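These are the structures, in structure tokens.
Both complexes shown next keep chain A, but they swap its partner, so chain B is in the first and chain C is in the second.
Let's turn to the complex of A and B:
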């Protein structure tokens, strides 16, 4: 029983991180209709900015995250303005190639600027907390709590505010949104900013339990793609649910089936879900 | 018409490239001749840090040697290091190897990972180049390849002393958590039977994928459920240190057997203190090693790169000097067979101050004979142990 609870908590921790990354990816998919391969690189840059703000500028962890959110958000916007916006009328393959190009560029840049070393991000919340025989660390509790808070805020923003609903409108139908007077340029910029911010939050929260290095984006990005496919491309609730499904499958599957097969279990699940619902769990009808 | 033009441009481009390549390999102006030394290792991607460390040692030696140059059969030579990135992928190592031989005519190619070395061994005897292999995988020298030199000690020598130490100090129950790489699997397959033959029990076995796992809590929770006395872990130093840290967070208080790729001093940079690693047994970190040339090397390396060197840098530095001595003894800078035959002479003539490690001889299969030593963490300090 204790084991089950501990593994559920482990699944919740990692699922929260997956969901945050997948949310950014799915938002951009809604706008661009291409998978943004560079999202993992934004995640990596987010980790580095937070780390640099803490070690070089001496900022507190939380303040460093705020700076990171802004920087990576702007970087994401810059990416949209310089690369994806000029390509908006080209065939989708060109966006994909561009996205891969940005990914390679950012990774090489990070290695040039900060070196290839693995770096440790200190956290002021390192204490180990034992509750009912479960081992939690404060950092992990913060990961879960912050991720859920961010998701609730995002959901409220998209559903209940006017600006938020313009993002949904544009994801549903770009021309339609333009016809009713939505400034698609502004919405695209905003969406990219949010996606970058989410990547920065995800990386900054996770880095203290892992390490910061140029290839760290690869750890999560492939999984984020699986998640948005499971959840339905472009779907917000799908990304959240998919993230937790994958997190729990990994931890529970590793415990009760086999840890060597945990990735297989996740991908079998993907196949099962896609067989039943080819468009993903929260597929959108029509277009 | 367009097609013809296209073909013309392609062939023109090809000709230009060929010409550039030729002019490069005929190399050198006038008096000083150049020996190209090849390197293929991970310089980008997940293992880039490791690749850079190996290359740093190599570069340092090449720069030092080039200050004076060296003389072979009355002619003065300098080294030219040609380093290519293979992203840790054996197929890339193979194509890099071909490229180095064809474009740069390198008689010697360094490669720091077992997969890449195996790929080079497919054609190195035919293309006549010497592989200088930095990997502790014993297979490398057991394949009977005549033009391979393995620098570090094979990990086979660590199995017994590591196991004995951990078993005596902590107990008989081991949980094995090697990385998923081939090297990790081979290590596990070597240590697990030994552990069991000597009365130990392997209570849990799983592998860690450092390229996919963000968090190790899940895997460790399962391993620790079986209440092991010893954890067998490994991989690059820093992520391995994270595994050890998370095991402690989950309440593990036993010892660690650490695969030779990870170094205790580098792990300490992540854990902040040796307390977390109490009871760990692993290879001796270079900075705790004392051979005639070690101290000088460490000082120079710190000055140049602003950090402590690991054994991969030290071994590459040493190997470069050994090769130069071997070329001098062979009186030849092109023929890999001759150079290989004179490696022993190279080891014998290695200047005292370049002896970052003491290597008395090279075996017939190409393995350097290293004195095996191990390091343990006892009461928060590194304690060195002799192994016979």
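Let's turn to the complex of A and C:
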């Protein structure tokens, strides 16, 4: 029982990070209509910026995350302006190739700047606490709490504010959005900033319990793809739910099947869910 | 005084010229109809006025301001709102959310939004009954009402209505034209593209007839009604 609870909490931790990354990916999908492969690179840069701000600039973990959010958010906007915006009328395959190009470029750049070593990120929240008989590190509790707080805020922003609604409107009908007076360029910039910020938060939260290295975005982005496919491309509740489904399945699977197969579980889950619901769980009727 | 003067407007999709040297004048308070077959250039004219397509040549003057080539959001802010042929609703948003998005340019004026919402709900009571439903779940006629309602939420000075009767049952078409007349009486100038020439000319002040991207005939509704060619091609009597 205790093992199960412990693993459920682990699932909640991993799932929170997956959800954050998948949310950014699904929001940008609404603009680009392709999955942005470079999203994994933003995640990786997010981890590095936080680490560098802590080790080189001596900033506190929380402050370092704030810097990372801003830097990666702007990097994401730069990506939109310099690459995706000029390609907006090109066939989708060109966006896909460009996204892969950005991914490779940023990874090579990270390796050049920071080396290929696996690095550990310190955290001021390393102590171990006891909650309901479970032994948890404070960092894991912070991951879950921060991720949920960010998601609630994002949900409120998208649903309850005019500016946030423009993101949803543009994803559902780009020309319709322009015809009600929405500046679609500004919405694209805003969306890319938010997606970058979410990737930076996800990476910075999870880095103290994982490691920081140039390829750290690979598996995460592949899983984020699985999540938004499972949840339904472009669906926001789908990204959140999909993230947690994957997190729980992985941690339970790792315990009761074998931790060697942890990373395969995502893809087995993908096959099972797509066999049953080819459009994803939150598929948007018909279209 | 003309609110909208289009002079020598040419627009292209890539290399293909879609409309050529189009001249249109709309006076404040009028209903002006653009007639013509599918692909004759009516929708292209609308897209160019709305800023979705850049003009290749010519001028679009709205209230003494040259607006050709401006961004769509700027054109909405100036007071021209298009209700597109394929409606361009936000299908997963509720009816009410769609209407609220229509008031995007007035987002800082909560009082006005409330007032506009009341007016739209009075004009199309069904939109109030269905306010919680997803826009994509509405019938064709209801979607058209929502598209017009959403456009009204922006408080347009000039409304571009692209084939509001397309695909609707005859009874609904009749209601639709009554609503358009009502909107016009309340002070909105209307530029209407239609294939249903009979119904359109009966509410319009004047009309322009398109053929292959050019305007071939124009005149008052009465003139177009009695024009032999127009009768043969578009009225069928």
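Criterion: the second predicted complex is superposed on the first by the 272 of 287 C-alpha atoms of A that agree within 3 Å, B and C clash if a C-alpha of one lies under 4 Å from a C-alpha of the other, contacts with A are read in each partner's own complex, and residues count from 1 in each chain.
Note that in this section a residue touches a chain if its C-beta (ideal position, glycine included) is under 8 Å from a C-beta of that chain, and two chains touch if they have at least 3 such contacts.
Quick caveat: nothing in here was measured; it's all calculated off a predicted structure.
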First, second, both or neither for A:29, with chain B first and chain C second: neither
Touched partner set for A:108, first chain B, second chain C, both or neither: first
Which superposed partner A:61 touches (first chain B, second chain C, both, neither): neither
Touched partner set for A:84, first chain B, second chain C, both or neither: neither
Which of chain B and chain C A:179 touches, first, second, both or neither: second
Partner chain in contact with A:11 - chain B first, chain C second, else both or neither: first
More chain A residues in contact [chain B versus chain C]: B
Which of chain B and chain C A:244 touches, first, second, both or neither: neither
Chain B and chain C contact sites that coincide on chain A, given as residue numbers: none
Contacting residues of chain A [partner chain C, same complex]: 162, 165-166, 168-169, 172-173, 175-185, 284-285, 287
Touching residues on chain A, where the partner in the complex is chain B: 3, 6-7, 10-11, 13-14, 17, 107-108, 111, 115-118, 120, 128, 135, 137, 140, 206, 209-211, 213-215, 218-220, 222-223, 250-251, 254-255, 258-260, 262-263
Chain A-facing residues of chain B, complex: 44-46, 48-49, 51-52, 206-207, 209, 211-215, 217-219, 221-222, 225, 236-239, 242, 246, 249-251, 269-270
Chain C to chain A touching residues, read off their complex: 50-52, 71-73, 76-77, 81-82, 84, 87-93, 97, 100-102, 104-105, 107, 136, 150, 154
